[in-house]
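Two complexes come next, and they have one chain in common, chain A, joined by chain B in the first and chain C in the second.
Moving on to the complex of A and B:
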């Protein structure tokens, strides 16, 4: 049951009716039941891993709160246990591919196995670790009702693609006595509509070109078009899904955390990663970057380096060590292959070069008297960031690293060149894509200028509002990519 | 307070630390800056700022940082 299917819309409708018919105090139980049904429909018996994870989180959090002296040990064991499911189910072959060459030397070989991956395991595992750690850090009290904890981990709007939520934040609205509010309902509807627009009108249309390009082994100048279209596709696919699920969640009065903040307006890659997949970034910051940064080994290293009196080298070292783990884990989280590790390390190297070369760049700017406060400089920074991000997406999309190298080398090649319109999209499709991207850019630019389009729309008169609502519906129906034999593509980030 | 502002200027010069009250919210201090700041504060005041202390409220202003330093010095 995809988030863009009619079945899902009916499922929401049914859940909503029951939710608001139920007594306020127990409304969250409807979400427990509907989330369980949703999960079983998608992953069947594999729900057992989410249940086991919930039990581990529940018991460990209570033990941590009761045993101050042993809490570090309990935390370590519980995190290892929680991670073990993910390690076996998702990373078994990746780990074996590294172990087997070594044990082959003594004549042993462990056979490779492919397990079915429970839906959302990459997301709820991070949420479980965050929950246990937050109790350890005394940020949250342990939850006494295991059913509430279970509901939080498998809450259906966020189970497939996130956003990765924190128990302390989401529980405030998830278990509140939410009342039906027509204004919120309308706002939620607009958000869902906007998500469908991004997914069905833009992402899935761009995806036709991208899939044809990569599956038919095309090369040449069209690679640049494929890279740009894939970047548009992945952004509209992922952020579109987040809009849909955030809107769906708002129908129940439950506020999911923001996952995107107009990332393509970023002036640096650091900023881009603060605005793209925000919940993964903040998770990595809180549970990897800060603990590793403040670890004894890193602090000692910093003390030693500071003696050399090179300030920026010291700043580089103190960040280099923890950031390596952040980007290594970021890459690995996306997929169990070397390609994803390289994808993560691509950003790591660029960020570290940025920190290392900053004094030199500052000097360069000063000598050439470049005004860094003007619009043109900001535009240059935005374009530079987008270029770096597009190449990162290219690594992400290619099947292997050798494909990245081969395609990059062949960009100037003219052999086997085909026309732009031979890859599944007509001139009209490109026109729709262009208009779609322009509409999206205009809405995002409004956000940059601190104008909340959804709020502004709600201030308008009834007639105008309804014209906009109908425009959204008909745009999706007329220009969305679907039809006989075509199933709306499953969301890219659902695969992680 | 003067010493805290000195450290802040060492981490990221050119900001109005005496009056700023939203150093984290406004993005003036990034997570990279926080790590350098913590290491300098640990050294200068002979304290041990832990991960548990890394909440935005403790770093929003020079006075909040001073409060954190004083609290850890007492412990």
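Moving on to the complex of A and C:
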């Protein structure tokens, strides 16, 4: 049951009717039941891992709160236990590919095995770690009702693609006595529609070209079109899904955290990652960057490098050490292969280079008397960031690193060159893509200018509003890529 | 409370408008298939609802073989018997089972002729062929029952797309023409479902497909189930069933004919096999449009004449030619005659070209 399927829409309708018919105090139980049904429909018996994870989180949190002296040990054991499911089910072959060459030296080899991956395990594992750590840090009290904790971890709107939520934040609305609010319903409806528009009209249309390009081993100048279209696809796919699930969640009065904040208006890659997959970024900051920064090793390192003559270099080393773990884990979280690790480290190297070369670049700007406050400079920074991001997405999309190298080298090649319209999209499709991207850009630009389009729309008269709603609905129905004519792609980020 | 009620009414109104527009767009986007001024599958299916209730005495059901072989207007011209050829491409007996239920809402035929070639097919009709007929059926309980029948192996999304065809045809947005927006267009069938062909391609192998042999053939399990269901439906509605073997070199053979005779005997029905060369000869040089699979206008005249003879010999249906209620049929007959003459002339031209060695 995909988030863009008719079955899902009916599932929401049914859940919503039951939710608001139930007594306010117990409404969250409907979400427990519907989330369980949703999970079982998608992953069947693999629900057991979510249940086991919930039990571990529940017990660990209570033990941590009761045993102050041993809480660090309990935290370590519980995190290792929680991570063990993910390590075995998702990273087993990756880990084995590292271990086997070593143990082969003593004549031992562990056979590779492919497990079925439970839906959302990468997301709920991070949420479980965050929950236990927050109790350890006394940011949260341990939850006494295990059913509430279970509901939080498998809450159906966020289970497939996030956003990665924090118990302390989400539980405020998830277990609140939410009342039906017509205005919220309208706003949620528009958000869901916008998500469908991004996913079905833009992402899946761009995906046709991208899939054909990569599956048929094309090369040459079309690689640039494929990279741009893939960047558009992945953004509209992922942010479209987040819009849909956030809208669905708002139908129940539950507010999910923001996961995107118009990332393609970023002037640097640091800013890009503060606006793209925000919940992963903040998770990595809170549960990787800070612990590594405050670790004994890093403290010792800090003390040593502070003695360096060049302050700039010492500052570089101080942040380079913890950030390495952040970006290594960021890459690895996306997939169990070297390619994803390189994807994470690609951003790490660029950021570190930026920090290292900053004095030089500042000098360069000063000498050439470049005005960094003007619009044209900002535009240059945005374009530069987008160029770096596009190449990052290219690494992300290629099957292997050698494919990245081969395709990049072959961009100027003219052999086997084919026309733009030979890869599944007609001129009309490109026109729709262009219009779709322009509409999306206009809405995002409004956001940058602090204009909330959703709220502005809600201020309008009924007739105008209804015309806009109908326009959204029928644009999706007519121009969306779904059904027998084309196969709607499953959400890209559902695989993580 | 009052505010809540107003909001609920607003929601109901909005979603009702959305549903209505979705259905209307479905009609606009649904491909109408091939059709000319007077004939085509869309006329066949929609046309039967345009005829006044209970005017039809005889119904023909089946696939494209019978669609192009039996002309109700020729029967009317010669006997005054009112019949309708409700045949659609790739029809199977389980489709006919539902078509007949639907037709019974409009007409009460006394005899139903069902063509037999698809009875022994081991494959189901492909989805686009199925849609060519289902999409033109009115949305009613029978249609809902049909699309929910497991025999059609439709997914949930496909079922929804039969109710809202826009979900199936939305990707045709750049093919939609101005005339598609005329959703009130009537498709009255002048030919009463018959589709005439002016093409010619001789069958060089003649009746070889009917050579006696020892092979055995049987229906697929689910086809058999609907074969009996169909007979029961007819019996329950006092309709006589006649299985009609239309000459078809692709889909018919000797063993099918033998099996069909057994089934007719078992079910106490009639099997009229027009593949019998001695009783019902076909001129394979002139009567077929595609080398023996379908009849052309000349072949249709031959086949229809055999059926007229059979009806004259075995039934005494009323002659409606002077019946005021059937005056429209007499008007239709004039158009039909013109159309048939035109088709015959074209076939004769083709024959001349062949004889002159131009082809």
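As a convention for this text, the second predicted complex is superposed on the first by the 491 of 496 C-alpha atoms of A that agree within 3 Å, B and C clash if a C-alpha of one lies under 4 Å from a C-alpha of the other, contacts with A are read in each partner's own complex, and residues count from 1 in each chain.
One rule holds in what follows: contacts are C-beta pairs under 8 Å (C-beta built on N, C-alpha and C of every residue); 3 or more make two chains touch, one makes a residue touch a chain.
It should be emphasised that the depicted structure is a prediction, and the values quoted were computed from it without experimental measurement.
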Side-by-side fit of chain B and chain C on chain A, or clash: fit
Contacts of A:182 with chain B and chain C, given as first, second, both or neither: second
First, second, both or neither for A:85, with chain B first and chain C second: neither
Partner chain in contact with A:355 - chain B first, chain C second, else both or neither: first
Computed vertex angle (chain A) for partners chain B and chain C, CA, steps of 10°: 160
Touched partner set for A:473, first chain B, second chain C, both or neither: second
Which of chain B and chain C A:197 touches, first, second, both or neither: neither
Which superposed partner A:265 touches (first chain B, second chain C, both, neither): neither
Minimum Cα separation, chain C to chain B, after superposition on A (Å): 38
Shared chain A surface residues [contacts with chain B and with chain C]: none
In the complex, chain A residues that touch chain C: 5-7, 182, 426, 428, 462, 466, 469-470, 473-474, 477-486
Contact footprint of chain B on chain A as seen in their complex: 137-139, 270, 274, 285-286, 289-291, 293-294, 299, 302-303, 306, 311, 314-315, 318-319, 322, 355
Of chain B, residues touching chain A in the complex: 10, 27, 30-32, 34-36, 38-39, 42-43, 49-52, 54-55
Chain C residues within the chain A interface of the complex: 3-4, 7, 10, 14, 17-18, 21-22, 25, 127, 156-158, 160-161, 166-174
